[in-house]
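By letter and in written order, the chains are A, B, C and D; residue numbering begins at 1 in each of them.
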Amino acid sequence: MSSFFGQHLHLALFGQSHGEAIGITMDGFPAGMTIDMDRLAAEMKRRAPGQSSLTTPRKEADVPEILSGVLDGRTTGQPICAIIRNTNTRSKDYGEGVDLVRPGHADYTGHVRYYGFEDWRGGGHFSGRLTAPIVFAGALCSQWLESQGVQIASHIQRLGSVIDDSFMDHPDADVSGLKAMHLPVLRQGLDAAMEQEAMQALQAQDSIGGVIECRITGLPAGLGAPFFDSVESVLSHLMFSVPAVKGVEFGEGFGFAALRGSQANDPFRMEEGKVVTTSNHSGGVLGGITSGMPVIFRCAVRATPSIGQTQQTVSLCTGENAELNIHGRHDPCILPRAVPVIEAMAAIGVMELWKERQACVK
Amino acid sequence: MSSFFGQHLHLALFGQSHGEAIGITMDGFPAGMTIDMDRLAAEMKRRAPGQSSLTTPRKEADVPEILSGVLDGRTTGQPICAIIRNTNTRSKDYGEGVDLVRPGHADYTGHVRYYGFEDWRGGGHFSGRLTAPIVFAGALCSQWLESQGVQIASHIQRLGSVIDDSFMDHPDADVSGLKAMHLPVLRQGLDAAMEQEAMQALQAQDSIGGVIECRITGLPAGLGAPFFDSVESVLSHLMFSVPAVKGVEFGEGFGFAALRGSQANDPFRMEEGKVVTTSNHSGGVLGGITSGMPVIFRCAVRATPSIGQTQQTVSLCTGENAELNIHGRHDPCILPRAVPVIEAMAAIGVMELWKERQACVK
Amino acid sequence: MSSFFGQHLHLALFGQSHGEAIGITMDGFPAGMTIDMDRLAAEMKRRAPGQSSLTTPRKEADVPEILSGVLDGRTTGQPICAIIRNTNTRSKDYGEGVDLVRPGHADYTGHVRYYGFEDWRGGGHFSGRLTAPIVFAGALCSQWLESQGVQIASHIQRLGSVIDDSFMDHPDADVSGLKAMHLPVLRQGLDAAMEQEAMQALQAQDSIGGVIECRITGLPAGLGAPFFDSVESVLSHLMFSVPAVKGVEFGEGFGFAALRGSQANDPFRMEEGKVVTTSNHSGGVLGGITSGMPVIFRCAVRATPSIGQTQQTVSLCTGENAELNIHGRHDPCILPRAVPVIEAMAAIGVMELWKERQACVK
Amino acid sequence: MSSFFGQHLHLALFGQSHGEAIGITMDGFPAGMTIDMDRLAAEMKRRAPGQSSLTTPRKEADVPEILSGVLDGRTTGQPICAIIRNTNTRSKDYGEGVDLVRPGHADYTGHVRYYGFEDWRGGGHFSGRLTAPIVFAGALCSQWLESQGVQIASHIQRLGSVIDDSFMDHPDADVSGLKAMHLPVLRQGLDAAMEQEAMQALQAQDSIGGVIECRITGLPAGLGAPFFDSVESVLSHLMFSVPAVKGVEFGEGFGFAALRGSQANDPFRMEEGKVVTTSNHSGGVLGGITSGMPVIFRCAVRATPSIGQTQQTVSLCTGENAELNIHGRHDPCILPRAVPVIEAMAAIGVMELWKERQACVK
């Protein structure tokens, strides 16, 4: 199944790109939190299309309607369901649909998985549009976690050939301005270079990939567990649920391959009566459990497969090879819109781990 | 919680390195399979220590005793439980234990997680030794999957600075000899260079990391689902459950960051009446669902944190900084022993996805 | 948590009686089924209020809006979400609300559970109105199960002092007319006596309880499992999720207390090459697994707690004892509306068991 | 699947009556509890056979070996696994086995469920012997819950025609002596009458059923949730997992059928600043959530199907009708041994609900 996640915080995701509505139900969310609707809307807007020349002009309100779980602006502790109506759904923009399967998309695999009964219009249930409800759920989790001192921040660590600094080298980087940037980066001015690279791809009727890095601070030590509920397992499970994410690494990640134990280990020391590590190669997770240091991970994001160039594919109708031309405008670079999704998934994962920890009565 | 996984194939892992026994219960395994005990033993031996100068000499039989779920050598379809007694458990080899927490290990985080009541001896429940029951469970899954035409093969794609070829460039690489190699590699003779690099680390009282690459062939299209049960989510969840794994990537993985959509997309074409892709950048997964092409992924494995060098740490007893010297012999390179664990986890994940697919009645 | 059920068929229920909308998401439902909307509407109507003098006149359309999972009237195999808007919500009909907690209701326990942040209006998330989405989900399951030859039928086996025959004595009872009866009974004319008993309760500003009996025929042998996933465990879990259900029994149920083994055992015999039992005291379940005989169970339904009489309670505001008078009209007997809910839960449970069975590959 | 339960406290049950061993893994149990091994052994002994003329003389030690999760007699917070070796396994006592399926047993349904590969010896995985590990797990939960002021007590409320008083009429009944009684009853001397009734069944080569009533006191208000995680749903799920249980009812249970709302409702009142109900017809659960009043429920237990009389059955080998004579000694009345199992399941259920509640952070 595809739509649900979590044992302590429970999500149920539904909808298709061109269906009546998309939405999500979140159960297990704490009671009594007053929702900051403005900040919620701001998060939704970060993910919405039409923010810049880099993203599709498709202007959707993407305003979630909260159907349940909230009373007088406060969460009730009961299931929260929110839906987003599908308004701007011009099917003709999406090529010949399920006949000519789009390379890099789920058209073919979804067709097999659902025996040909899937809603193929605009990606249907596979559409990146389904990430909107995820941002809604994650934004609520973020607001609650912030009340506990947890802060989640992300930036585009790489876009094509343009590479930003890393939280690994700047663990205390000022992140206050990131949410306001369309292409959030740590190194000042680098966003211009990234935009240029993306525009070049666009002009070539192409798209470009990159890497998003996320940092979670303010976590207590002791969240997570060894083996099947490790922090890495829970977070990677969520990150790989984001369309286009094809790699996830924590701390030094694949860089560990070249490191010796003496370089990879993070020495412990006492600081103001608190156990800390003097380095954070592990990315804040030891043995699957948070150490109290910042959790740092990166997600590889592939270029959006919808491009203007002619592509080779097959016709499910004729069973013959064919050429595909995808019409309409598409994001040359999905990363700016993926950033809030990654942050939302991080917030959801931390909330799940937080509640699991709470259940560990002594 | 830490010990269980799966909704269709269910695992429950238990035990501590120096406890009475370690083991696993697997429920949902198909009925009627005759277990090939020799091949099972061979898999267990691949993971066991003492295979070479690269691994600890600790000679453990690691022979699983099957307590349930098997009758006359055949699976009954009921819960299969197997245990492995802990025999060679010389606690003094494991430093001062929970007082001086070992950098890179779970000593500190486990201490916090379990309120100081954890079994700290030799890593306790966090010990890599817990991967032995996982290999047992995975080996059974592999045997069943092979009867369905599924084959799982892995090699050490990188060890320190020594880099092997990739399945990405050699999708049809002959893997028949890999299981017999202590350092399985695709490029002939490269294992010698890897051994040398590992020995250098050992001589420096250090350890070294690397990357393991896994290829799964013979999978039908249609396994997995979008979002929370994507093939990548399920497999990464399991891979990150393996101690020392800090990164997971599928297909081009982080390489996607530099690729344009036109380079990243895998064109479709008909081949003998079957839909295939002419390239496999996606690593056999589109929209979270298998495409029928080989599933290819890589796991970054950090160097084992147990090294002979003096390390900086803290004393949980005195609350002061301290120096730690870990005595006894330890693996300078865990990769050869991690390979069968990665394969086992892959088999477990595919079995879970297979059963989920079976449940999708039309 | 309260809102989700199932490992193979997955439900997520949400909404409050006086919120924006109530609804349910069902994931794992088979792809390709054409929904019979008329029969679906008929099932919804059976549960809806205002059907007779025995039920509240509150006239709600209760027409579900399907938001996802259906294309051109056919299920896609992806999450199906349906919502029902709350229209007729006259709060003043519901007494003084959370101040004076209503005896027999969840006002007080919900207040504790949700730290005082619950939506108390009209029972909120606890409202029997939440059973409408359950009937929606169950009706879809019933339609699919019927295509497999499974039939679910129920009747009011007892209402107050009026006792109907039992499927235990009439395993082959003709059930074709039951769905059309407002008070479905097996013994002709008994519904009049039941209506009279209910009316007497109504005239006394009171309500009355009863027993609903359900029979599931056409099930193959082999569904379910011993212990934690027994047919009885799965079905009772669902039945006790229905507000007002306080007892569940299978086959002879509590009658087994007086039976000896020789009376309780169902002898086996061959019939047309098929293994059957010559009696069915066990109610079609042996060792937690279906035997192929009809599954028969009964649910005890308590009288609806909302009555016109003055009741003793406490004020959560003043912390003092108080008297409560509940205004407005309420069902004197919830049984006729509970029947389709019980059938829906039965269909949901069988679908879950069916899918679990499908996942048991050999 | 059959062997696992729980989202917060996790159980994995395994083993067959005549296999190597039976056992259970429990994950999520609180860390730091010192196990009272004597009381644990006492609980195991209550369930063990050979306690009296009413139970099979089969003398099994039934001493659990704890393999993991305990260090120096204290729980570590990590998975606890305990096994019990199967010693006294005289297969010939179990009739002709899978050829002639035993009426009332799971021989036939298990044969279908597991495609003929099941371990049929002595009931295999279906054997009541599997309840021994459940008593082990439940006893640990009971010890922890007692430290929180929760007390669980049960008695045989009915055996055949002999009917004991009910906790419904004696909510404050002294239960201190119950655990020491072989046939625990509330009304003094009634156990003699029950024993006589059981002996009569035995002399007739027959067996007899009954009802077990359980009371849980000291529970806080607020455990459980509406709908799918109601206290009744969680507890009934576990109770129906006990072989031979065919009915479960809470409070007045099926007695509610004859009660009017005015009789069924429990009035609230303030008592020493605490909200209580002046009656407890609901059995301590309102809207699926504990009210703080004692939780009271009853389980109908069918007569053990293994009897000495000749029975009609079929031969799976010849496919013809046949006569079955079960040799060896069997319990004429399983109730005394079922009492500790019901209590164990109650403790497991309450622990699950307790942890779920703990996870509900504000």
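To be clear about the criterion, a residue touches a chain if its C-beta (ideal position, glycine included) is under 8 Å from a C-beta of that chain, and two chains touch if they have at least 3 such contacts.
These numbers were taken from a predicted model, which means no experiment stands behind them.
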Self-check item: Pair exhibiting more inter-chain C-beta contacts, B-D or A-D
Solution: B-D
Quiz prompt | Pair in A-B, B-C or A-C that repeats C-D, with over half of contact pairs matching by residue number | solution = A-B
Exercise. Measure off the straight-line distance from the CA centroid of subunit B to the CA centroid of subunit D, and report it in whole Å.
Key: 39
Quiz prompt | Mean-CA-position distance for subunit B and subunit A (Å) | solution = 26
Quiz item: What whole-Å value do you get for the distance between subunit A and subunit D if each is reduced to the mean of its CA atoms?
Solution: 46
Quiz item: Which subunit C residues reach two or more other chains?
Solution: 1-4, 13, 28, 31-32, 77, 113, 115, 125, 356, 360, 362
Self-check item: Complex interface listing, subunit A residues touching subunit D
Solution: 7-8, 28, 30-32, 77, 354-356, 358-362
Self-check item: In the complex with subunit A, residue positions of subunit C that touch it
Solution: 1-4, 10, 12-16, 19-23, 25, 27-28, 31-32, 65-69, 71, 74-81, 83, 113-119, 124-125
Exercise. Note which residues of subunit C are touching subunit D in the complex, please.
Key: 1-5, 11, 13, 101, 103-106, 108-110, 112-113, 115, 125-126, 130, 158-161, 201, 204, 206-211, 221-222, 224-230, 232-234, 236-241, 243, 245-270, 273, 275, 277-278, 282-283, 286-291, 298, 300-307, 309, 311-314, 319-321, 356, 360, 362
